[in-house]
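For reference, chains read A, B, C and D in written order, and residue numbers begin at 1 within each chain.
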Amino acid sequence: MRPVDSIAALGRARTAASPASRLLRGLACAAALGAGAARAAEGVPAALVDDLVAANHILADQGVVDGFGHVSVRHPGDPNRFLMSRSLAPALVKPDDIMEFDLDGNALDARGRAVFLERFIHGEIYRARGDVQAVVHSHSPAVIPFGITGAPLRAAYHIAAFLAGGVPVFDIRQAAGATDMLVRDPALGRALAATLGAGPVALMRGHGDVVVGSTIPMAVFRAVYTEVNARVQGQAMALGGPVTYLDAAESEKADKALDQIHLRAWDLWKRKAAEAR
Amino acid sequence: MRPVDSIAALGRARTAASPASRLLRGLACAAALGAGAARAAEGVPAALVDDLVAANHILADQGVVDGFGHVSVRHPGDPNRFLMSRSLAPALVKPDDIMEFDLDGNALDARGRAVFLERFIHGEIYRARGDVQAVVHSHSPAVIPFGITGAPLRAAYHIAAFLAGGVPVFDIRQAAGATDMLVRDPALGRALAATLGAGPVALMRGHGDVVVGSTIPMAVFRAVYTEVNARVQGQAMALGGPVTYLDAAESEKADKALDQIHLRAWDLWKRKAAEAR
Amino acid sequence: MRPVDSIAALGRARTAASPASRLLRGLACAAALGAGAARAAEGVPAALVDDLVAANHILADQGVVDGFGHVSVRHPGDPNRFLMSRSLAPALVKPDDIMEFDLDGNALDARGRAVFLERFIHGEIYRARGDVQAVVHSHSPAVIPFGITGAPLRAAYHIAAFLAGGVPVFDIRQAAGATDMLVRDPALGRALAATLGAGPVALMRGHGDVVVGSTIPMAVFRAVYTEVNARVQGQAMALGGPVTYLDAAESEKADKALDQIHLRAWDLWKRKAAEAR
Amino acid sequence: MRPVDSIAALGRARTAASPASRLLRGLACAAALGAGAARAAEGVPAALVDDLVAANHILADQGVVDGFGHVSVRHPGDPNRFLMSRSLAPALVKPDDIMEFDLDGNALDARGRAVFLERFIHGEIYRARGDVQAVVHSHSPAVIPFGITGAPLRAAYHIAAFLAGGVPVFDIRQAAGATDMLVRDPALGRALAATLGAGPVALMRGHGDVVVGSTIPMAVFRAVYTEVNARVQGQAMALGGPVTYLDAAESEKADKALDQIHLRAWDLWKRKAAEAR
């Protein structure tokens, strides 16, 4: 965990941005985006904002999110900030809806835009996990049953090999007693991040799940196939008898292969999302 | 029960309308809607008719209704009247199809338009429940199984927290013996309203369900997530072993949070419904 | 059963057509349809051909048929003939694809068009059932499981009340030993019609089902809700414990109500099918 | 196994092509396709490339493939070569993406295009099975459960009669110990081909399946209905009690009937795929 103690510290971090990030910032300012979009995404390449918007649309198109759920990316020029849309259904997100937050969940340039109650999920995971660059939170419908029963989510096929290390379940009741189930403050965010540990996915009891990745496409890929795998596993369990899941050695190797091939799905999804809009 | 004894009584009720409702009526008359629409929605803001039409389309788009089902709203200027489309598949409803009814289910200005056999569901619930402003009746497909088995519908996740108080099942056989299953008179409507009690949802055995809310968006939200929760709960039960549902304290808090966030889904659905037409 | 012994008998039947049917024939010839369409639908009102084409599209849109399946209507001017498309996926059927058959399954004006191998399903049901005016045969996917297990298909809700009289299963193996499962001759058609008896639906083991009605909209309505009810019933059974189905008295009454309301669904489906093409 | 030792050997094989194949090649060169497309499909009728592109789109439209999966056809002029798209999501494949491979999986004219890691599935099946002209590999979602449980996939209805001979499961762990689950070399391809044997379908444990046919439409037809049958069979098993599948005599006859009727589905799917693009 690398806490950021104050807004002032964040200011210093911004001043200390690398030459590369300063260059990127300049490019973004010069881009043909509207002034609002440029401000919302200060120092962020337009292509990254474009991917973040696409991620919102893809997650909706693939049935991972409905009117709820959110996806964020760590700021490429400042590890203590992240980018996420204002409070809005993911299918409707446009570049100008992207806002910048610090890891405490403070909006840096709100301009009156409403923010997600659960932005602390993102901030605290970025704080705890230096390797994570993108976070998806959803009420992925086929996944919820695995969070409210004793049935562990496992890797039914190689495309979901990333699940094989075990998928922990975050029970907010154990962390904080009776709540409204929402991760609505930093402490709950930290508790969730602690349950996630070093893994790619954590289920949230009676709520949904959180999925992380080293890039936006990887986090989206994992979120989609966590949902698909949940459907496949549920059907396999319904056939009766023992189910053979990927074993540890297979999963480790298969997961590496996903690094090579996951962009094939991302390219398809991004194209389809653009065509549908 | 506050019966309206005659059309004349209704005329008096209209005369007694508040200044605000008279103003609204004037606005509606001046609106660019066709004369038919203006008459159908006398004294009703165009935005409310628009929301009621959208509710019809949303419920179809979300798979809650098919060719059957209906949604109504209490008249904003007269608590003893409600608005609902003529007998028509919800996906096809347009502003001019909206009719006005008294709580006994009499159409106030039918002009030859056919009415739903089960309009008594709406009238009797509005009569019994002063807090209810909108009612949805559907054959929500994933919900029907819970009405014909002993399995109680429960809140599998926070978005369906409103189910946690318990979902009663109305068995028309117990109320009236052998029927055609339709709530086709005031007495059956009253029996259904009695089963609903003070809750948001009642299942109807061998038929479907009824869902209420304090606004159109809230009733639609609950209808959609009653269906989604039924799918999720069925899948959780199929995994075997005990299922952990939201407990009473969690549900109460989570339900309050829905007041804040449900419009995010409504905004998405309404936009999508408009784009699809 | 009213057998037609020969083509000559059919010729006589045609000569004996009523004045009304002769008038209709004249109207059809004068219609703006192409000559092929006029010939294919001799003596048939254009509106009936239009409904038959719509029925094909609706059954595809509603997931009752895929590339396979067919729907027919009895000739309005000659009870010993019926109308059905040439061998073609239902979604692709156009007015000019409609052909005329006698009850033995002979095409009266083939003009080189390929015919369905299983046209005998239609001819033999029309022969055995004077009350039937329309027949649907499909591989309705949620229905097939009920034809290959001991689980009887029953009315889970009032919209499927027509199922409550019991749904027989036709096992072609018992009728004819080892076959290719196709009802490809009159004898098999008669055996299927015998299993159907006086009911609205018969399942076909390892194959699909056949559904009949007194009109095209009623047969299509029953075919769609046989599929929907099968899905609902399967889910109810999966919840465990006893399921309460409509009882005999309820079903009889509810089925009568469908006479009143089924056109609401038909109007929706026909509109949607037209918009999609 | 008939290995092709070098590009030179392939050159000889090409020289030895039949007059018919030389003619086809000439036609293809004269075709109105871009130079890239002509080169990619040297000696291949444009109609075959068109069918292969359509097969990619159909498999995506029917839910057999998602971002992953591939379909190939044996080269009509040289049995030691096959055609398949570059590494790309099937829904996005265009004629210019079609590449030519030898049976060892070497691209004959890569021009920098990325190739599928698992092209060895195709090469080794073409080598082992002279009767096979088309191969589909997918992660067909309803089929995966049958590959990871002891439940054998069987013919629930006549359209899937081709499954009745038994569907073997290829467990890569038994062939090669701990792998990344991918058939990424000729030896693994040969092991899979050996499991397939003389049949039409083999499941791949924790991965998906492979389906073959004597034409592109037949392989696609079998791939689609393997998926549909898996859904139907899973639902039948869930109803409880014994399931009656097609027996051996029925299946053999029903499978022959598919030769006659499968193009009805292909024509529909190809039309829909073209309309959607």
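We take it that a contact is a pair of C-beta atoms (placed from the backbone, for glycine too) under 8 Å apart; a residue touches a chain by one contact, two chains touch by 3 or more.
Each chain and its UniProt protein: A, B, C, D = 3-hydroxy-2-methylpyridine-4,5-dicarboxylate 4-decarboxylase.
Quick caveat, the model's predicted, so the values are computed rather than measured.
Chemist: When chain B meets its copy chain C, do both sides use mostly the same residue numbers (more than half shared) or mostly different ones?
Modeler: The interface of chain B with chain C is built from mostly unshared positions.
Chemist: In angstrom, rounded to a whole number, how far apart do the mean CA points of chain C and chain D lie?
Modeler: 36
Chemist: Cα centroid separation between chain B and chain D, in whole Å?
Modeler: 50
Chemist: At which residue positions does chain D touch at least two other chains?
Modeler: 238
Chemist: Between the chains shown, work out who touches whom and classify the graph as line, ring, star, complete or other.
Modeler: Graph shape, chains as nodes and touching pairs as edges: a ring.
Chemist: What residues of chain B sit close enough to touch chain C in their complex?
Modeler: So the residues of chain B touching chain C come out as 66-68, 87-89, 91-92, 117, 139, 141-142, 144-146, 148-151, 173, 178-182, 205-208, 234, 237-238.
Chemist: Provide the residue numbers of chain C that touch chain B in the complex, in ascending order.
Modeler: That would be residues 155-159, 161, 228, 231-232, 235-236, 238-247, 249-250, 253-254, 256-257, 260-261, 264-269, 271-272 of chain C.
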